[in-house]
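Multiple structures follow.
Across the two complexes that follow, subunit A remains constant while its partner is subunit B and subsequently subunit C.
For the complex of A and B:
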């Protein structure tokens, strides 16, 4: 009976929760994609036959397991960003994964089946050098961690420290490697550069120093780069100057034997060893890399070195960490990917003991032509099976998982974990719609031809409609499961309300993506080779899809921050193809770019590029554009902000495309530095020019399109003296319109600048809390000039109102919603470090909020001032879909005034729609069409019937 | 014993039952028209009582016009709108200044009635034709209606329905045209 009651209670409880999250709307308008980042360490989970996991430790400080069948993330642990969460080493033993995190700060053990934490120990301070598993009598029980001055041994089962020993002469000797061969001894190898190698052997049981010796090695500078332990405690080092190998028996530690190599013209020497099992000794075979694409497999056999095989992999897919984790159990195999022709790769398996290629192991697969070259290969081969699986990591951070006959099971685009900038582009119209549009787009040529054109386009429309009907009829007969409306390049078209757009994303790796905003599917990708690692990107839409038959055009400005040189990549954002327009060569370093609102004769907006001589070049630079530029030149201004010198300067364009500096503001860098400069978004519309007061008069907004919000932070970070400054500057005249300083405050400052307001967030060191501050600018009760806005003719200073609030959480990023016409009220989208995105109505951040509610303020719908801003749970637009490390939020208007499209990117990508003023222009999802139409129909028939009855009755009465 | 006169002038043979047709019947009273099939007799051949004339006799006493009465009647018509004003004021006071369906209906009614009356001025004038003070009465009628509509406008005003403030025209202000083009930012 009690159980029954409990069950009933549970049912009620669960029903309640289901209603609370709007289950029917989950995933309807939104999607999330989870990424892990560029892979640093990778292990196949091979301890169980049925295991379908691959474990990844990445450079984004993420430790995750992927399902090898689907490529989905099984579980994922996101650590702190920066060096504090950096994963230094990853050891795999059975179903435990041991990670060293944060430069040897923490040692963690994870259970790989469910991703639970086994244990975590904080290690003694010291710079981390190396780690290894320590086995004894065939079982691994301990893990050794080598630091700069000490070595410690921990139990694998609970993480407890077994012993810790200081290293002898650690101030002179640079200890770099730790090694254990499974015979009760732990060897620590150190080097005094260009002098000798120090070898210390510890006992596994109690940490006692068993042996200690130093061997002369004047040619050696670094052990991990040029030495490897093979066979039974045999250290092999390579010397590239004398082209010879040195061997040292660690157990005897006498001196190094020199074995000269019979090779010529070699310039790289890299050694890779093969360790099949941490509890056992490594094999006696090892790799020697002789060149960028030449490897030899050597065998050390009782003092002799025998060459087994010479490999020539075309692509350089070998790396050092690789070989220490590569082979699986005793089936000693190795591989060599080779690029046979343009984009087909082959992978072969070789037996490491003999150097022979295994039969039936050739695997041919085609690489994505828009991807990068392979960088790293990890594979899993089980003892009893012939087949094997390979995961290939390419230079564009993509992971491809391949099964034996060359079948690509899945591909993950890990480059998307590091999106730098993005734009949303409208999809093109369908062919028929475009036909109609084209009719009006072209030049008019005579009445008759126009009529014919119209008729033909109508005919085409009719044809398309009939085809659509036929398709509907045809599909209706098929089972529903087969009728799948998957998005592909062919059927890409704008929907009714322009809710589906193309997301163009630029990632740090230099790979561009085109993503369908409805499903999140990647429609195109393009890898830009030779992108410098610290490049700056600026993405601009030059031509939208509105100008059929001209294709849309996006331009990506890529700037190398070291040399300052920039290049342009011009492409079609819908298909990702390079445009036939050749971008201009830019011999001079580029400082900034400026998109002008006017277009050339092909409807492409003109892009101005400012070089370091403050000369301007236009793209496209046709005669027509140059002529237009000459006419427009007196109205074109631009500003440059040099944060390192604390200089803001404004320039005016001359008709000969040179520039003239017209204003300059210097903020002394000793006191404060410029953190960010925010202008207004060019596609922002403001519907209402003022605010209605309680007495029905109007307070006009100060809508200066040239206004800039400049945020500065003090260089002095002492909590009593630090401050955050905000300056509102007119970008044309350099006039400082308002200046505010927040004392005892510290960054990071997040700013949103829109309409007539600026909202910024900072950390108040005095009260130890996050605070929001809002500045609003008003012209007053009268407009100075209602038809035109010119910064050069503004004698009046705007009224400035400001208010501050307390926010209960720190924030990662902030953006304002944006709609087509700007009628809908605005919300602020705030990305929290916890992974939520809060949609905070701007109404709460209004400096006109009164302290005491009066009749007039109530009339205006002003909320009385309260210093605390609450976060209501229903304001989270991503309900339980946590987005890790939100770095940016992008908002775009849709065709519906009520709807704003939102993309949050960081480690994950999340897309949804928000309705800041509810969906006032759309019927609700659950609108009862059936009821309404049936009532209408019933009424219609009732009218018809009653009309007939009335007629009959009248006739009867006439007869009477 | 049974005499025909004693039976009320109705002679009938007995034993035939109710359903049987009488052989013959004599009806003496003409007003009794219960028989079927003789509708015409009831309408057409009506015999009027003595002294009843089918044609109206012209009334000579009405011919003389009572001027005073006409004047009074015409003044009633002319003063009608003015008399309504106190009533309207009361309704106005009662309905309040909130904007909801009931006060709006009231205001609409109050505004519509004078307008309707002004539209049908000519008909009213025809009514007042017989009066000697026709023009004065017309003027009073007009003033009364104008006052009524003014009252309605005042009510609209106090309810805030008239576009008399600058905020009512805010939606029609076009965004100002941008005279300068500006761009730039941090040095990339």
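For the complex of A and C:
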């Protein structure tokens, strides 16, 4: 019986095989990188000697632990985006981490070893102000959360609320800080700006108000910015107008004592206190920031303030001693990297009590010259060890982990968690290939020299081939695992099928990356300083690698979204180096940019920029280009979209590089607003002009390269009256080709526009579900002008077919696959909020799907209409490699027609290849070369032998 | 979709009284220096209401304009038209007009070579605002054919229509369910197909399973039986 059960189990196991990817192909063609985002709070997990973790809470609402040895993510929790998942505060106690999330909405405690949730409590509503751990008799048992009108105390062990108390006079007093010194009292400090400080002391045990008082402080406006608690319940505040410190004893609460400071030319004042343990009182030492990079360490000693040391750090960090041994008592230390020549930074540790530098703690490390300046440091020094570890965060969101003495253990580029736009650029040819190419490219100079050139290049080729053979032989002897496949700048070259490309990624922090698409390794990075925080980026490839010896060239248009002012960054996408070509200065706000298909004499495509005066400037703007532009001016059209006024307008270039408006379409903004305008991708190829129908006639596609899909959403959001509008406009003539309205629908709308179809996804408010709709355009049974397409000469309106479907999930982003020649069938790549990427065949989104299958539709391979699109598990191209918060999908063709390269980016980055029509042009991995060659050989010999035999037989017959 | 067109515009004078809608000017411009100078071409009679319709009453091209149009066509200039933005659903006359114009263009040579045969389409949005105008000529190409201006460039031969957005279809669940039910009924009539997989093939499956059990018991290795069992199970 047991055998039978075993057998049945086996049957089930075998039946449930996943078809999407073979097990041995996992990670072969794809890779994923996980990121956490810009760090907001950071703690070393120091409660255990052997701990190898650093805990991070980031601005991307991620709470994660990194392995300090390798920098890998040990575990990661991704919360909701936006303010709902915002991490307000992060407190660390032993192996528990307490987080306040979503403006005081939720209080969570995490177990840091495995990243499990200990408990979670939903807090009462109210805007979050501050939180602190509350200790008593040396142990921390509670956490206090201060809100606008109330304070609550929770047990650390289970999150239960111990007590909650309303704050007195909360309508006039702005309570900002909560503090506990570990003696059974919780102090809440509030301020009435420019009037007085309110101090309320609660009992930890039952929340009873023990003391309540107000102290005059007319100069004070905000407590967290200018006050700090030091020593034994001593509040120290700084007043930057009178340049003096004020002290207030919280236990007595009489009045503030003024201590004037002897400083001149004060820049700003900022106070930093040093708190070793939440159960204990803070130190009597504190920092005062006097300038952008000047700190002084002060000591408060029985009413007197003593200066211990003057620092000039770039940034600093404070640490707490995790348990106190007398010999290392209060070893609280500070760090100060100084930027020296060639970007070397030094870190020193100081004793906080005395201000003296600790011996043998100087650490020098070199910063990446293409990175940003350091912004924040965190360090951990264990008591029994001499060495210590530092994590430095730089302005470009990179995390560098350094171990004494100056050894960089790892670097994480957290800027990649926020990729805004990207391009894939072909790698250059190898030196030898380029040599050959160059031979044909150059002008002829005599017969003899040509012969010599040819001979020399052949020799080089031979040499390269021998070297290749030798390498093959050498590698074959080594075990497979030792064969290095790492890639560096030197051996970057295009592979046989152009499957390996350079991914140029632009991130929100202004850092550019060049990533090898095969391995995911970062080959170059470049940090652009002075990028406005709300910048919009547009990356364009001006010259590809195909024009040796001219280097490839990418141009990044950086536009400040508020002012419209823009700048250009021109660089080489393979090496990341800034180009020697100086980009033009752009004094006027830029409205539109467009890449023209024609090139200058150096094979760089011409970029046109239109400013707010509707004047056009070209880059590069050589004489040749300007001359070309003059000739082509009447055929250059462009459009502008002003969504605030609902205006779409078309312009034509004039020979003097000014423009004239030629068409205008205005959508009243009180009815609907334009949410997106999508054209077609310029590098898209359509292989087939039409579709063969069941009766062998041809239905021609309407392939207008200038077609724009304009999506609008109604301003009225009532679920009965809201709608989504879709309009197809010719970008040259402004002619509205089709205008449709999806009633009782709402955004966000995702659109893909390609070939002769537009696919969009919306939320149906009536049925409360996500729906897909597809529009296809056909010219009909005959083409109007089959030789060339001109928007100016297409008087007939195309046939429009549309069909809609139900989709079982909401989606994050959508893109269509792209292949070299467009022969391969198309798939839609849909990023789901669950982290999966679905490759949905376009075949399922076909408005010609019939209600009832007929003979003709079967001939045409049309699937009968079904209103629901199922998501099949084998359609997930990223199997179990979840991609958090997919924001965009980029597709690029490869050298193989069957293969499309896909990059999905969001919090994570994922790269893979997809084969929409299977690998029709590739032999399988396990193809039996031996068999086929042996069969061939055998056949060859068989023919030889039989030929011989036949000859003998013929001879014999002749003799007879 | 509501699409009304009025084939010829010559007989429109008498109709004016019948229209309880509004009349807006249709202006055109064709200049040698391509700086738009709009002149009245005709007037559009727009009938407001649920199903808007439109008709056109337009003038002939003057002698002067005809030569100018041919000259503009010779330098590949543009022939532009414009209509004011209007709101077709408004009850009061004062609410019709809004700021600005909607413009469109066609190549002047196409206008000449098509002998002034143009197709003008007015587009409205859901609530009846005029949002765009488009003009094409039939035929649309410029081939450089000589045109006798007296005969062919006098009268506009305009096809005019007004188009409102179409309602995009939603998923058609009702029809699909109906079809499924029909198929289900068809199946129900055929009781032989109702039998389950096991019920139909038990006589093959049971001996196979037994055989596998026996062979498995003999050589004590369950691994060999798995593949066969799988084949049987399917």
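Just so we're on the same page, the second predicted complex is superposed on the first by the 876 of 960 C-alpha atoms of A that agree within 3 Å, B and C clash if a C-alpha of one lies under 4 Å from a C-alpha of the other, contacts with A are read in each partner's own complex, and residues count from 1 in each chain.
Following the convention adopted for this analysis, a contact is a pair of C-beta atoms (placed from the backbone, for glycine too) under 8 Å apart; a residue touches a chain by one contact, two chains touch by 3 or more.
Keep in mind that what you see is a predicted model, and the values were worked out from it rather than measured.
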Classify the contacts of A:137 with the two partner chains as first (subunit B alone), second (subunit C alone), both, or neither.
-> neither
After superposition on the shared chain, which partner residues are touched by A:792: those of subunit B (first), subunit C (second), both, or neither?
-> both
Could you tell me if A:127 is touching subunit B, subunit C, both of them or neither one (first, second, both, neither)?
-> neither
Touched partner set for A:803, first subunit B, second subunit C, both or neither = second
Does subunit B (first) or subunit C (second) touch A:956, or do both, or does neither?
-> neither
With the two structures laid over each other on chain A, which partner does A:166 touch: subunit B (first), subunit C (second), both, or neither?
-> neither
Once the structures are superposed on A, label A:563 by its partner contacts, choosing first (subunit B), second (subunit C), both or neither.
-> neither
State whether A:639 touches subunit B only (first), subunit C only (second), both chains, or neither.
-> first
Between subunit B and subunit C, which residues of subunit A are contacted by each of them?
-> 785, 792
Subunit B residues touching subunit A - in the complex, by the definition given at the top | 160, 165-168, 170-171, 173-188
Would you tell me which residues of subunit C are touching subunit A in their complex?
-> 34-36, 76, 78, 80, 85, 98, 100-107, 110, 119, 121, 123, 125-127, 129, 131-132, 134, 136-142, 163-173, 175-176, 179, 209, 212-213, 216-217, 222, 225-227, 229-230, 232-234
Residue set of subunit A touching subunit C in the complex reads 3-4, 6-8, 10-11, 14-15, 634, 652, 654, 660-668, 671-672, 714, 723, 725-727, 729, 733-736, 738-743, 764, 767, 771, 773, 785, 792-795, 802-806, 851-852, 865-868
Across the complex, what residues on subunit A touch subunit B?
-> 536, 538, 557, 559, 561, 566, 590-597, 608, 610, 632, 635-643, 674, 676-677, 679, 685-686, 688-690, 692-693, 696-698, 703, 705-706, 731-732, 783, 785-792
